[in-house]
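First chain written, first letter: the chains are A, B, C, D and E, and each begins at residue 1.
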Amino acid sequence: ASNKKIKVGALRFTSHSASFIAKERGYFKQAGLDVEFEFFQAAQPMAIAIASGDIDYAVTAISGGLISLAEKGAVKVIGGALSEEEGIDGQKFLVSDKAYKAGVRSPKDLNGKRYAVTQSGSSFHYMGSKMAAAENINLSFVPLQKVGAIIGALKSGQVDAWSIVPHIAKPLSRGGSIHIIGNVADYLPNYQITTVFTSSNNAKNERALTKNFLTGFSKGVDDYASTMIDKNKGDAGVNEMVDLIHKYVYTSRPREKAAPSIINGTMRLSDGASLNLASIKNQLEWFKSEGLVKKSITIDTLVDQSYVKIIS
Amino acid sequence: MNIKIKNLNHSYDKSKVLSDINLEIMDGQILSIIGPSGCGKSTLLRLIGGLEKPCSGEITQIGSPPAGCLNAMTYIFQDFALLPWRTVEENVSLVLEDHSLSNEIKRSVIDDVLDRTKLKDFSYAFPKQLSGGMKQRVAIARALAVNPAVLLMDEPLSALDSQTRELLLEDFINLWHRKPFTAVYITHNLSEAVRLGHKILVLSRRPGKIIETISIEKPIADRKLIDKDLDQYQKHLWNIMHDEARAADAELLNV
Amino acid sequence: MNIKIKNLNHSYDKSKVLSDINLEIMDGQILSIIGPSGCGKSTLLRLIGGLEKPCSGEITQIGSPPAGCLNAMTYIFQDFALLPWRTVEENVSLVLEDHSLSNEIKRSVIDDVLDRTKLKDFSYAFPKQLSGGMKQRVAIARALAVNPAVLLMDEPLSALDSQTRELLLEDFINLWHRKPFTAVYITHNLSEAVRLGHKILVLSRRPGKIIETISIEKPIADRKLIDKDLDQYQKHLWNIMHDEARAADAELLNV
Amino acid sequence: MYDIKNKSNNSNNLNVNKPVPFIGKGFQPKTRSWMGYFVFFIIIFVLELGTSTGVISSLTLPKPSDVLETIIQLFQSGLLFKHLVPSILRLVIGALIGISLGISIGTLIGLFSYFRSGLVPVIAAIFPIPKIALLPLFVIWFGIGEGSKYALIALGSFTPTVVATYGAVDNVDRTLIRMGQSFGLSWISIVYKIVLPGAMPGILSGLRISLAISIILLVAAEMLGAEYGIGAYILEAGSLYDLERLFAGVTILSLLGITVSVFVTKLEQKILKWR
Amino acid sequence: MYDIKNKSNNSNNLNVNKPVPFIGKGFQPKTRSWMGYFVFFIIIFVLELGTSTGVISSLTLPKPSDVLETIIQLFQSGLLFKHLVPSILRLVIGALIGISLGISIGTLIGLFSYFRSGLVPVIAAIFPIPKIALLPLFVIWFGIGEGSKYALIALGSFTPTVVATYGAVDNVDRTLIRMGQSFGLSWISIVYKIVLPGAMPGILSGLRISLAISIILLVAAEMLGAEYGIGAYILEAGSLYDLERLFAGVTILSLLGITVSVFVTKLEQKILKWR
């Protein structure tokens, strides 16, 4: 192994666990990589940091910004990460207590309601929009930029609905001021939520390096899935994994308070970083139809299909 | 109306500024006060006008202000103290606005004082358009508008160049001649002091004590720019003052 | 070194300030210039010192500056122009720093001028701690430090009260007596003009023209504060100036 | 006496004539207004050249001509006004609230010991707080409607106005106030006829800063649920990494800032014509 | 002559004696420093009471005592310094770059017609641009490391420093400069010995504003991939809607601001002791 130094961008979310595991358990090292993490507060700067060459690989949701950067020839999606899978707790639709009291019990009751998103062109926007289309209802989308602002607005009943990953959704619903009314997976089965991506240069000219990264990353995914989802190693295995993840996520909270959030946050990471191309295509089409990205962009501008198993 | 000052003492913090001042300001007369820098002349004037409270001693008005007096003790400041955002006329009008006078009376007062100070043609000028001499004439007009019992003048001419000063001194003398007023006139200029004062008070270096009081009998209207009768007084005063002034000028200001 | 001015004219934008000035400044003599406000006295001085370029006419130095002169034409300004962030000593040192003098020479020059102006005890004081009279003495010390050929003084005393002014005038006369210097002395004060000037130049209202030139024979050292010989000159000058001054003072400044 | 090496001619030769040298040059910079346009032109030209030839990558900066085109399209589609009108409304209302409150509180601080002692430290503590940090709270306090946008802009313009106002009141010439008192003017007359007009120049120059900060805060304000508005437009462009639109928005804000500054200058010329 | 209704006694009766009334009161607000502490105490006390009794919902404001506890915990765990040190480093380096560049450019603008004409409009155009709008670009231009944080803070402190500096240079007493010229001082001497010291008071008061802005921009700067830092701490607290920590962070920034302001005051006293 050549011990090549690379930088990997990450958010301190459980959905990035595969990278943490791969690093902690030495899978990256086995693939000849000396990985250093670069942590971000939000996904969007991470995409730009790939484009600027500050980091080499990262995992994030497909967003308008990512597609724009791909269109400028700066980034490429090379694999999949988080995805919705039947039978596993996925992202939730939430409503405020006010809306709940007004009789909103399922997503179809949201006609004419205010739906929070961080930005137009964010994954929240996509989920809400797709759900609205499926239910044939109208939503007005309220951009609030920050997750904190959305939670505040939802708690005080100023927006009616939102969608979010389960480990944030569940604790929120416990207070009684926010209610869970549905699953995103019901509307977007096999939704490829996050993807692995890199700069176009890495994808094209550093094939070996990229393959090595994906190898290490996949091993992390496998460990995560077998321990946390399939529970192959029982509770002891889960505990050990929680310990590992806690080194990166919820570090400012004590282990016992962090553990439930980490466990709640468990979602399916695509096996072997395989990519659900159908879902990606669906997302890309939606972005185009909303006028958020240029119509001329093709799936090949966005995705390099040569690295991982493509599901379609 | 006379003003009587008895056993006046004043200090700022711990430093004594005025010490044991006794004097009477006589109705219809001009009292000149001279003294080296920082001896407390301005402080004395502020005390007389009630802008500050004396530490000890008393200042009493004896008798009542004359008929039609709107403001008994009226200042004329060295730096004119005109409101730069008001025209000449509005600056005069300022001191009438808080009295319930009819518009006609106000108008006639303003016209009268601008007339007496020869400012008629400059009613609508702003202070910045005026030369120093004219600015001080506006301040005089404003003071005359309230028909004061006593004019308190703190070096009214010392911001002006000496030619303008001479011109304004002539104007002053004419004004007083046409209608005598009571005044306290503070100055650094011995020749002004002897030109204008019925009495001249000499203060010592801080703390200001009265060193000498001189009376000049010659009628003010008869005194001239170059006047041998006055020269002897001026020489005498300069002899008293010379060393005090030198010492006062060489003092470091405490910062 | 003499200065000769020939057919000098100067205008700002379209307004003429100086018209057809011809004069010669003689070595070792003091030339007083008087004239009403705004007649162009300061402008004339700036032209002589080279701070401005004349529109037409010429100003020539005849002869060379004296030995050891570091700065031929040296100003003393009305508002002192001391650097408030430098002590008395450093203010004097400022004008020597750009010349390649050894530290000892610099030291001795500074000591000498502070000595001559009686500022020895105040070397380390900042300007804000000084009275007006002392500030102007510092400015004089600074000017003397460069051993000037001609001192250009623009109302050097007019920011001072008249007692301090009298004291400084004595100092000036003593300085000149000990070591005569060439000077142009602008003033508004007729009595200063006649006290100090070998020649007195009277300028008219703007545009400044020379109305009259007067020479006074009596030696400067013999002139007194109250001096009958000078009174006649002063009276004569005031007669020439009175109406000009009144008209100049009543002019609205263009804004 | 001291001795200085004489570098000039030692003898006082009256035959040496030379004109007085001119030494008064410089230190009076003049504004040549064409230069400003010229510099902008140069900058834009260089950027255009750089981006067209690819020396400047399209990731780094957009082509100026594309930005211009975007602005023109925005104008032609009518979207410009759809974005501009709510932004200007927010700016005007928010700044009006902040500035009028700021002037009132600033005047009180300038006049009364109790206000001064009690409020100055509070203002000093509020000043360095970044308004964007408080965004989540603004949602709760003022909602996600126009209220929170007004509040954010008002808060941003409030503190500098207070500081400028009480500084200006402090700087009102005390002899003018003494003059008013010596003529027996009432307290209220002194405040309205002397203190406030005297403080006006300082207040107006504070206004310049407050308004610039208000414009800067537009973007932060429109983070909270604004569909239209220049700030919202910029934010969306940023999140889509659409540089043409991002720069179009920034250019519009910049023009808005210059407009406001010209407006304050006009106001100064009008109100302070006595200077 | 005119006639005024005489409201006082008409006869000049010398037996009426009365002391001169005192009319010179007011308009001299004094600072009582205990008042400041008192007001803070009252505010905190009211908030504590309100939040404890539930009159103020826990959604609206945190309990001050909880905020204090959070700060203490932060301190005890050593995390405080882990956050504070990088923030202060960014502040110092960023502000140092911005301010020193600002003073240089500002001086050039103050001295030379060409710089003035060419740069003033550019500065005026940059001023109203919200720095957070440019965040995505900063990543491309300066990377996600410390570079972009320094650049953001530097840009934020640059513009106000330039404006303050050239204003200060303009305000240097022209007679002092003429004096220097009349004594034949070299250009460089005049700039270093007269212009710059004379502009120092204005530059220092500009520094006050620039540093306040730098602190405000810390939060924006730490939006860009900062792990530790007060800004990052606040952002994380905000995104989790954790009010105790949000207010703890804000309090720390506020204290930082007050510290910086005290520092500038000390600096002024030292550098401007001649005033």
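Assume a residue touches a chain if its C-beta (ideal position, glycine included) is under 8 Å from a C-beta of that chain, and two chains touch if they have at least 3 such contacts.
What you see is a predicted model; the values in this text were computed from it and never measured.
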Starting at chain A, figure out the least number of steps needed to reach chain D through touching chains. 1
Measuring between Cα centroids, what's the chain most distant from chain B? A
Please report how many Å separate the Cα centroid of chain C from that of chain E, as a whole number. 45
Whole-Å gap separating chain A and chain E, where each centre is the average of the chain's CA atoms: 41
Residue numbers of chain C (touch at least two other chains): 49, 51, 70, 73, 126, 128
Could you list which residues of chain A touch at least two other chains? 44, 48, 51-52, 65, 146, 148-149, 151-152, 155-156
Considering chain E alone, which of its residues make contact with at least two other chains? 23-24, 59, 135-136, 140, 178, 181-182, 184, 235, 238-239, 241
Pairs of chains that touch, anyone? A-D, A-E, B-C, B-D, B-E, C-D, C-E, D-E
Under the definition above, what is the set of chain E residues touching chain A in their complex? 59, 79, 135-136, 139-140, 143-145, 222-227, 232, 235-241
Which stretch or stretches of chain C touch chain B in the complex? 36-37, 122, 125-126, 128-131, 133-134, 155, 158, 161-164, 166-167, 187-191, 225-226, 231, 234-235, 238, 241-242, 245-246, 248-253, 255
Within the complex, chain E is touched by chain B residues 1-3, 27, 46, 48-53, 58-70, 73, 101, 105, 108-109, 112, 147
Help me check something: in the complex, which residues belonging to chain B touch chain D? 49, 51, 70-71, 73-75, 77, 79, 81, 83-86, 94-95, 97-98, 126-128, 142, 146, 152
Chain E contact footprint on chain A (complex, rising order): 38-42, 44-46, 48-49, 51-52, 54-55, 65, 146-149, 151-152, 155-156, 252
